[in-house]
Amino acid sequence: MPMGFEDVSIEDFAMAIPDGAKVAIPADYAGVSMEATRALIRRRVKNLHLVGVPTSGLQAELLIGAGCVKIFESSALTLGEYGPAPRFTKAVREGSIDLIDATCPAIHTGLQASQKGIPFMPLRGILGSDVLKNHPGWKVIQNPFANEEDPIVAIPAIQPDIALFHAPLADRDGNVWIGRKRELVNMAHASKAAFVTVDAISETSLFETEEKAAGVLPALYVGKVSVAPNGSWPLPFWNGAEVDDAHMRRYMDMAKSDEGFQDYLNEFILQETVPA
Amino acid sequence: MPMGFEDVSIEDFAMAIPDGAKVAIPADYAGVSMEATRALIRRRVKNLHLVGVPTSGLQAELLIGAGCVKIFESSALTLGEYGPAPRFTKAVREGSIDLIDATCPAIHTGLQASQKGIPFMPLRGILGSDVLKNHPGWKVIQNPFANEEDPIVAIPAIQPDIALFHAPLADRDGNVWIGRKRELVNMAHASKAAFVTVDAISETSLFETEEKAAGVLPALYVGKVSVAPNGSWPLPFWNGAEVDDAHMRRYMDMAKSDEGFQDYLNEFILQETVPA
Amino acid sequence: MTNTAEEKKALICLIANLLRDCNHVAVGAASPIPGAAALLAKAAWGKPRFVNILGSVANNFFTGGGGELFDCAAQGRIDAFFLGGGQIDGQANINLMGRGNYPNCSPRWPGTFGSAYLYFLIPKVILFREEHSRRTLVEKVDFISAPGISDEKTYRKGGPFGLLTSKAFFHFDKDKKRFRLESIHPTSSLEDILDNTGFSFDYAEDTPLTSPPDPALLELLNRDVREKVAEVYPNFADTIFPVTSHAAQDI
Amino acid sequence: MTNTAEEKKALICLIANLLRDCNHVAVGAASPIPGAAALLAKAAWGKPRFVNILGSVANNFFTGGGGELFDCAAQGRIDAFFLGGGQIDGQANINLMGRGNYPNCSPRWPGTFGSAYLYFLIPKVILFREEHSRRTLVEKVDFISAPGISDEKTYRKGGPFGLLTSKAFFHFDKDKKRFRLESIHPTSSLEDILDNTGFSFDYAEDTPLTSPPDPALLELLNRDVREKVAEVYPNFADTIFPVTSHAAQDI
């Protein structure tokens, strides 16, 4: 470890994410750190401001159900073919979380503005959508380069405290391999620090070849790394596991009721039950 | 060639770049297509609007010297340790080309605005620079999210017709491998089409592994490919050759005078002399 | 079930024909019928040349991260896309947010995704919603995730091309800002459609039936494209392609 | 030549000490003295933790393309950077464009590069120009590539820390908006500096001499860091490290 970069236990990793943190999380296809999600629930984190980049799924559903979330900012919360997310649906109906509903490119754009250190970035479309009407941050401005009336939406920067995700590899310098999931790079650049669970540690530098280097998030942006093999379980991982279909169905069944959801937490998270 | 993508000769490649085209070209470290540059000079292209991303070197120097350039838009034209670029220096002194002098991040930002299909993007810094005072396109606007006076520069989109560069590989589908030279991706996304010379053709798909895929510019953005081994000569290439130091010194010597420069063109370009 | 499979195949062939003039079609990983249609069109005519299945690893050629789809649309490099909606109204407004008063929708649907943006930028947006009922096709949506039409001053390069359901295909008339019934699927009728559509639309009494799929196209789907579809949408492929000894041999 | 090598090493050690409080220092591929200093500081103190040599392949850890440097600076993730200039004036304005009336400068220099931006965003910008003459250090630059100071309303997180030449080190006083002579290199004198500086600056009559490099640091440079320097700046390394049998053994 030439840079003195050490991976930490998942519990220490979760402890380093403070209550009230603004946490950017990726969509299911980009690598969700479910292992960290469970550790966050175990440590009973409170008042998270989740930013789903650009959407979220089971990760936000569980955190919302477990009472860890104050604000959910995203373009969607979807469990895909498994149907409506029961805890999210309930929280919305009861108004127990604050929603900042956006549209996918605006989430990316807000992060890119933070990445570029600019206060906002304009974005086409959106005009006439009720998403615009209800969004607390967006403004409609005149395109300063148009001679005629040309309204355009200005998206303010979104700067998360932490970008939290799962990746295949980190090396001993703290570099992380994310392949072509470049939204993770944007998230990390935009955030104060990236917290990454990885399937494994590479004993050789990820910069050893230009092929590998092309998919690296440099250590400069990385705050903490924890080794969590298959850490996206039960969600699929682009560089590994398929979705655990039986478990997802079981979740949908249990999470129908408050009691069932509590049983799910007890059985699969609070007891630290690990995947088979 | 499943998609019917065919590489073309360098002369056909150059013929497809029309007079007056707005052509984005990379800095020396990112892969300059000198082979295409020579073919453009041979075909006596006229009135190019070059956009050096974010700077240029020998490529712009030769095109300017050969009378192919109407507008040079960039943050610098530098031959590095070889010293002042003689043909550029002369053209500036005589006012024979139009200059749009920028600063590096503003070039990247203008391309990113084009890439995102937005009319402009704001950028910090620059205020108080004479570059701002002399730039024909930039405007200073008020940050719409600030309560106090907060001027910020708005950089309009730069949309080149063509992004022209050299890369290690293309495959038979027209995908191009650019490694971590992601400014080439930005250039290509921002432009109407990428024109790429490559060292070689890969007979297997560049999407075959996620490692390789992480550094791919997809065929969707690629207009023409021409095979030109060592096509950055005499410039260095990040994935291959060192600079041809002796040739660069020879160029500097010959290009001191108009006659010497003409001799250089005759000897190394118009005669289609190829590198040893 | 066989019948339903045939209906789905007819929809696939119908959509494939709508994509013949496209260079690049993007479809969601959860949109098997449009996805199969795009793959079929590519196989049949080499158009669209590019088919991008979002969320897939093997069938997605984007390398710039999740934002590339949106940039690509803004660049004019995506010719057709599909949007759905829990509610769709007669002005082609779509609602992916939920029923009732926002924010406390009940039910709440997942959310707006990229619709509020892509609907403005992709020339040929095909609204696709199999359920054709007064519950889904409404007079006015409860929440406009993305508007079907915009005023003159709004930058808009794209919008609704038509609406395809399990009963019919409507074309959206941008000048009249209304749907016009284009064709009626063989399993439905004009009366059935009038009964089950919550918005008013233009139609002729003699609206034709949707043409049955071209046998050659259907054959191509069943023979050559089935494997590609199965690769991307395995569960869906199981439902529309009965397992035969021939297919078993292929595996 | 040996003398010059020693002077360059002294500059390297001086700069290394200025970088001890940094996490991340970026330097240009054509800036061997600052680059060697950053590598030396990292070797000596583990600070800066990150040294990024721009334009290099092996010693550059950026993976986001040419724009990443600028984004990174705006994020506050670059602590120190080096700028030069064909002209530098007493308000720390720098000119990289050329002499005379823009645009028809004569001579024209390469251009502004990223200076008009980085100067605003990187906290510790060290101006480094070996030539110390009235030609380079002027009362007022002909063209402001990047201004040394800005008014209150201008967003500015960074700016000039000091100016290092072959004769002296000046500190830039942001309140007074003037340079103050900090130390005089042993090869120069106050009189020499006053003679050869085109702008006025604050100084004390008893301005100290620049401290000679710490022997241990010099030893580290000559022993452990020389190879790293040679890897990044081979030509430069040849000029400052005489080839000895020891070095030859290493190769």
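So that you can tell them apart, the chains are marked A, B, C and D in the order they are listed, and the count of residues begins at 1 in each.
Keep in mind that, in the parts below, contacts are C-beta pairs under 8 Å (C-beta built on N, C-alpha and C of every residue); 3 or more make two chains touch, one makes a residue touch a chain.
Because the structure is a prediction, the values reported are computed rather than measured.
Each step here moves to a touching chain, and the least such steps from chain A to chain B number 1. When the interfaces A-C and B-C are ranked by C-beta pairs in contact, the top one is A-C. Among the remaining chains, C is positioned farthest from chain D, on the basis of C-alpha centroids.
For the pair chain A and chain C, the distance between C-alpha centroids works out to 29 Å.
Computed centre separation for the pair chain A/chain D is 40 angstrom, with centres defined by C-alpha atoms. A separation of 59 Å divides the Cα centre of chain C from that of chain D. Residue positions of chain A with contacts to 2 or more other chains are 109, 116-118, 123-124, 150, 152, 180, 185, 210, 213-216, 238. Annotation for chain C: residues touching 2 or more other chains are 57, 62-64, 68, 70, 74, 121. Chains touching one another form the pairs A-B, A-C, A-D, B-C, B-D.
Touching chain D in their complex are the following residues of chain A: 3-4, 114-118, 175, 185, 189, 207, 210, 213-221. Interface residues of chain C facing chain A in the complex, by the touch rule stated above, are 29-30, 55, 57, 62-70, 74, 96-98, 102-121, 143-147, 150, 153-155, 235.
By the touch criterion given at the top, residues 26-27, 29-30, 53-55, 74-78, 80-81, 84-85, 88-89, 92-95, 99, 101-106, 108-109, 112, 123-132, 134, 148-152, 180-186, 238 of chain B touch chain D in their complex. Interface residues of chain D, counted against chain A in their complex, comprise 24, 46, 49-50, 57, 61-64, 68, 70-77, 121.
Chain A contributes residues 109, 116-124, 139, 141, 143-146, 150, 152, 154, 156, 179-180, 210-216, 238-239 to its touches with chain B in the complex.
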